[in-house]
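Two complexes follow with subunit A in common, the first pairing it with subunit B and the second with subunit C.
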Partner chain A sequence: MSSISLSLRSYAPRSVWSLIGTLFLFLGAWVMVFPFIWMVSSSLKPTDEVYDANFSIIPRTFKGFENYYEVLFNQPYLIYLMNSFLVCCGILIVQLITAVPAAYALAKLKFRGSSILFGTVIAALTIPINVTSIPIYVALAKTGLLDTYLAMMLPFFISVFAIFLFRQFFRGFPDSIIDAARVDGFSEMEIILRLVLPSAVPAIAAFSVFSFVAHWNDLYWPLIVVTSQDKMTATLSMMQYQSDFDTDYGRTFASATVVTAPMVIAFLFARRLFIRGITMTGVKG
Partner chain B sequence: MSLGTKKRAQTRLAYMLVLPATLLILGIYILPILTVFGISFTDYSLVSNYYEFVGLENYRHMLADEAFGNAIVNTLIYASLFLPSSFIISLFLAIAIQERKQFRSILEVLYFLPVTSTLAAMALVWAALMDSNQGVINHWAGAVGLGPFNWLGSETMVLFSMALISLWSVIGFNMVLFLAGLTAIPSSLYEAAAIDGADHPVDRFFRVTWPMLGPTSMFVAVTSSITAFKLFDTVAILTQGGPNRSSEVFLYLTFLEGFEYFNMGYSAALSLVFLGIIFLFALVQALFVDRNVQY
Partner chain C sequence: MARLTLKNIGKSFGKTEVLKNISLDVEDGEFLSLVGQSGCGKSTLLRIISGLEAPSRGEILIDGQVVTEQSPKQRNIAMVFQDYALYPHMSVAENMAMPLIMSQLPLHARLPLVRHVAPSARRAKPSMATQVETVAKQLRIDHLLTRKPAQLSGGQRQRVALGRALVRNPGIFLMDEPLSNLDAKLRVEVRREISELHHSSGLTFVYVTHDQTEAMTMSDRVALMQGGEVLQVAAPNTLYTNPVSVDVARFIGSPQINILPVQSRLDGLFLGDINLHLETIGKVSDLQLGLRPEALSFRGVAGLQLQPIKPGSILLPFQKRMVEDLGPEILIHGCFEADPEIEIRVRAQKNTDYGKTDQFAGTHKLQVAIDPTQLLLFNAHGLRIQPTPHMAQSLGEVVT
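Up next, the complex of A and B:
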């Protein structure tokens, strides 16, 4: 009984102003979410109903099944989604394989040139893909590699941000444990794989989310290197609609839903991890 | 094994561990940056193999180029609309949400949703919502006697509409950063301020919250500025710089020069100006922001 009154009290507004504030916060939240609601609702409608000025969330004529069936099975959206997935996975795997060992060496091993390397990592943190895109594009064009999965992934194979982040993380790992393991005859590789790496799982998970979301949503680089339909990523496919590519608007928004759904659904399942991973870098996207 | 050989073995291992990363940094960062510098002094274009060294001609051209001036002005107008609003609204939201602990997680999720979504796809939705004839926004504006507005088709409104879409996509992000900053403020400070007579919310804000939030505010301001300068996706999807170049922002112009007109030399010079500006922001951040304050 007392717990009920206690929880009621915690929900009771302290004042009318506080209640109004809360209402405004939820009104704002409605504005934030409305584009998603509109998109999903439109994806279930026939074309003429999408632009009906009398918007209703529930479709008057339900065309959802046809719209999604066509997007997924008559249009190449499954291929686009698979391309995005492959590219994001490829990038992430290489990023982890290259960044983790380098970060460990920078954090825990002494070698000549380590401060130059770390300085370079810090400097490279400020360089976005938009600046290096021309020479990388020209190099890919000269070697005939444009419009390949390799071209789509190549500029992102090294993440200086991952090196920076993991180095900070590894530095916090106690030296005494590493020394004790060395005395016990652990090789340096065993120390990395069996001691240090497991302790870095939270940092690696947060970075993985960041990397996956950033490259899933990336439009700039695929727009530059991809030319054929069968290499197109889900995000790039949205460029097709800039002209009247598809005059079936229900189907258009079914495809928009299909493209953005994976990240949104993953976010809803792992909210903490997403918020930490994405805000970690400071710069969105 | 002697200590000496052990040390040498460790050094050799260290080099092996950093080798792949070092090679990739050389190939993906160092070499391209040097090449961009080189290309920016030439009239290189991908369509012909013949090119000449033109010295500072590309940079001189920039000063005379109307498109460059136009892109700078557009970017500044867009930033002046986007930056203050994204800063103030997200700070306001963060404070309001912080005070309502029981709703914090649900509100955080709802406001953060646009950040994770694919902006290129959501831009299409915004185009439909902002449609001048049948869009929902104009329909609702009409219901209260406003409009109709030509959100994306009018030269005077298009940057405002871009700022609005960016605002929507970034508010949750800034808000989470502010929330983290607010959570780190010890409640004892508010109690002390209350004893000094500062218990009105406005007093509390200016005496405690704002000074304590300094590093977070700086961080948000710098990162938002960089984000503003990188505006690309919504322009590429919705307007392609139009109507009549009124939404052609800096990064989009650099992209056009490089990858549509293949003026690689000029585009390289533009990218370096772009890098210079990003670098300036990074410098401000390094000078004023203690990273440890963040997470």
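Up next, the complex of A and C:
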């Protein structure tokens, strides 16, 4: 009895202000979580109930089994997940390979035009994919690359965001360590691989999460360049239950739940790494 | 083991000239210090010697070979940095082995992943480990080999940095203010160790510092730098007793040398209206007189060890302002009555009577004797006038 009141006391607000603060945070958390709850709830309902005026979280007619059976067994959902995974990994690996040396050069090497180049990187940050999508699409069509994995990955191989993020992180790396390495006979690539990269693990982890989530959730670009079913990404596969005449919302939501699950589970496991990556402060002694 | 020669080295960053035409010779096995205030270009010069920075003009030679265009690795030098610059995620042993790995293993044996299986890397490992251990023992850090730099104290880190530099048998050992991050007690200890290291290794050392004590105690020769120029290169004692200019005299010596404006007239050297009865350069001109704090001594003050008055000593009335007790000696601040504008510092040894009475209470007017053999005379441009008549004449002509 006393232990219950004790544990309750630790949750009791210490003042009116902290109560208001907690309520405010609770509201924010609700706004974030509600779409997920709605998604899971809708995935258990028949289509006509999803947009029913009398909304309830608990479905009146339980269609969960049918919906999930359809998603998991009546379509090659493992292939979709694999496609998503391949595309995200491919994009991430090439992004890291291109961004790390570029960021190191911008952060630590002295060369003519480095500030102009960095300005270009900043400027490129402001251009969204939608602006360049038509020329890229035309180029892919002319080279016959449409409906391939490469077409899904190619526009994202060079990430200016990654260059910018890593450049800011590398700037904090002590110059004297780089000088010492040069005296010891390291080449510039070895400095990156052996010294700078191991210290940049938090930044790389943070960027990997950003990149992976962004491309996992991307619907726009795969929708444009992929038409055959065996190359569809998981996100794209949700569109199958939509047609011009009829949309099976229950199954769409079941599909969305299945597609989102890996990311949510991964986030829960890598949460500490993710937070550290965002709040990172640089290298210590 | 190497001989280092710098020929007319100049360096400009944009329009600012940080090094102006520097020429230096460092003998094989010599310990040379580059001393000067911050911003005098000493660190830049060291970076140019190391190859981390390229000179705008001039040549660098190691053992007679021009190395100006060579990378730091090719020059076979080692460098120790002020903040130790250890590789943070590597153990002490790995830190120390790095220069060996980089110089002895071919590129393919250093590639990521491949390096763990490459046969050449595996073959070289035991001999590298022995080399690292030998140097670690020598520096008394062999019990720390598995630790990471973050787990070490400042002194230990500095020893690891020394070890990393030593392990590859460099020709020249460069040090950039290696002691300035250590506390005062440790600094004296590591100073002695570096000196011993120099003697036992017989390597050529170039040591950058802003601390004159470090330079004076460790070096064979000291190069004093100011404003991108070398003012004087000499043995520590020569630098102190025989400076070539006022700037050198001012920098070397603590407490600082007293510099008084004096006037040379035909009948002698005058401080204000007082004739110091010293040899003159025979022409009317303004000069500067340098007096080390220990070249002055008090007359008639109890508690101070009296130095024998040399024949020809000059007695001057002195006004006391402040007394600092430094333990074995005292430092008296004041001025000559002939020139109250200029502050004068006098260093005096205490004797056993000191402290029994308050020697200075109430006495503000004292007599100071100047040892005429310890005077330093400079012309109006700050250049030293040597006491030989011939030299004096030639310098005097420059003045007028």
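Everything that follows uses one rule, which is that the second predicted complex is superposed on the first by the 189 of 285 C-alpha atoms of A that agree within 3 Å, B and C clash if a C-alpha of one lies under 4 Å from a C-alpha of the other, contacts with A are read in each partner's own complex, and residues count from 1 in each chain.
Throughout what follows, a residue touches a chain if its C-beta (ideal position, glycine included) is under 8 Å from a C-beta of that chain, and two chains touch if they have at least 3 such contacts.
Everything numeric here is computed off the predicted structure, so don't read it as measured data.
Q: Once chain A of both complexes is superposed, is A:149 in touch with subunit B (first), subunit C (second), both, or neither?
A: neither
Q: Could you look at A:85 and tell me whether it touches subunit B, subunit C, both or neither (first, second, both, neither)?
A: Neither partner.
Q: In the overlay, answer first, second, both or neither for which of subunit B and subunit C A:174 touches.
A: A:174 contacts subunit C only, not subunit B.
Q: Quick check for you: in the superposed arrangement, does A:199 touch first (subunit B), second (subunit C), both or neither?
A: Touch status of A:199: second partner only.
Q: Counting only touches as set out at the top, which of subunit B and subunit C does A:101 meet: first, second, both, neither?
A: A:101 sits against subunit B, while subunit C stays out of touch.
Q: Which partner does A:186 reach: the first (subunit B), the second (subunit C), both, or neither?
A: second
Q: For the three-chain arrangement built by superposition, which of subunit B and subunit C touches the greater number of subunit A residues?
A: B
Q: Starting from the residues of subunit A touching subunit B, keep only those that also touch subunit C in the other complex, and list them.
A: 283-285
Q: Applying the document's contact rule, which stretches of subunit B touch subunit A when the two form their complex?
A: 10-11, 13-15, 17-18, 20-22, 24-25, 28-33, 35-36, 39, 46, 93, 96-97, 99-100, 102-103, 105, 107-126, 128-129, 131, 134-136, 139, 168-173, 176-177, 180, 219, 222-223, 226-227, 230, 232-233, 236-238, 240, 251, 254-255, 258-259, 264, 267-268, 271-272, 274-275, 278-279, 282, 294-295
Q: Hey, which residues of subunit A end up touching subunit B in the complex?
A: 10-11, 18, 21-22, 24-26, 28-29, 31-33, 35-36, 38-39, 42, 50-53, 55, 97-99, 101-102, 104-106, 109-112, 114, 117, 120-121, 124-128, 130-138, 141, 154-155, 157-158, 160, 163, 188, 213, 216-217, 219-220, 223-224, 234-236, 238-239, 241-242, 249, 252-253, 256-257, 259-260, 263-264, 266-268, 271, 274-276, 278-280, 282-285
Q: For the complex, give me every residue of subunit C touching subunit A.
A: Of all residues in subunit C, those touching subunit A are 47, 50-52, 71-73, 77-79, 81-83, 85-89, 98-99, 102-103, 110, 112, 149-150, 164, 168.
Q: Using the touch definition up top, name the residues of subunit A that touch subunit C in the complex.
A: Listed in rising order, the residues are 174, 176-177, 179-186, 190, 193-195, 198-199, 283-285.
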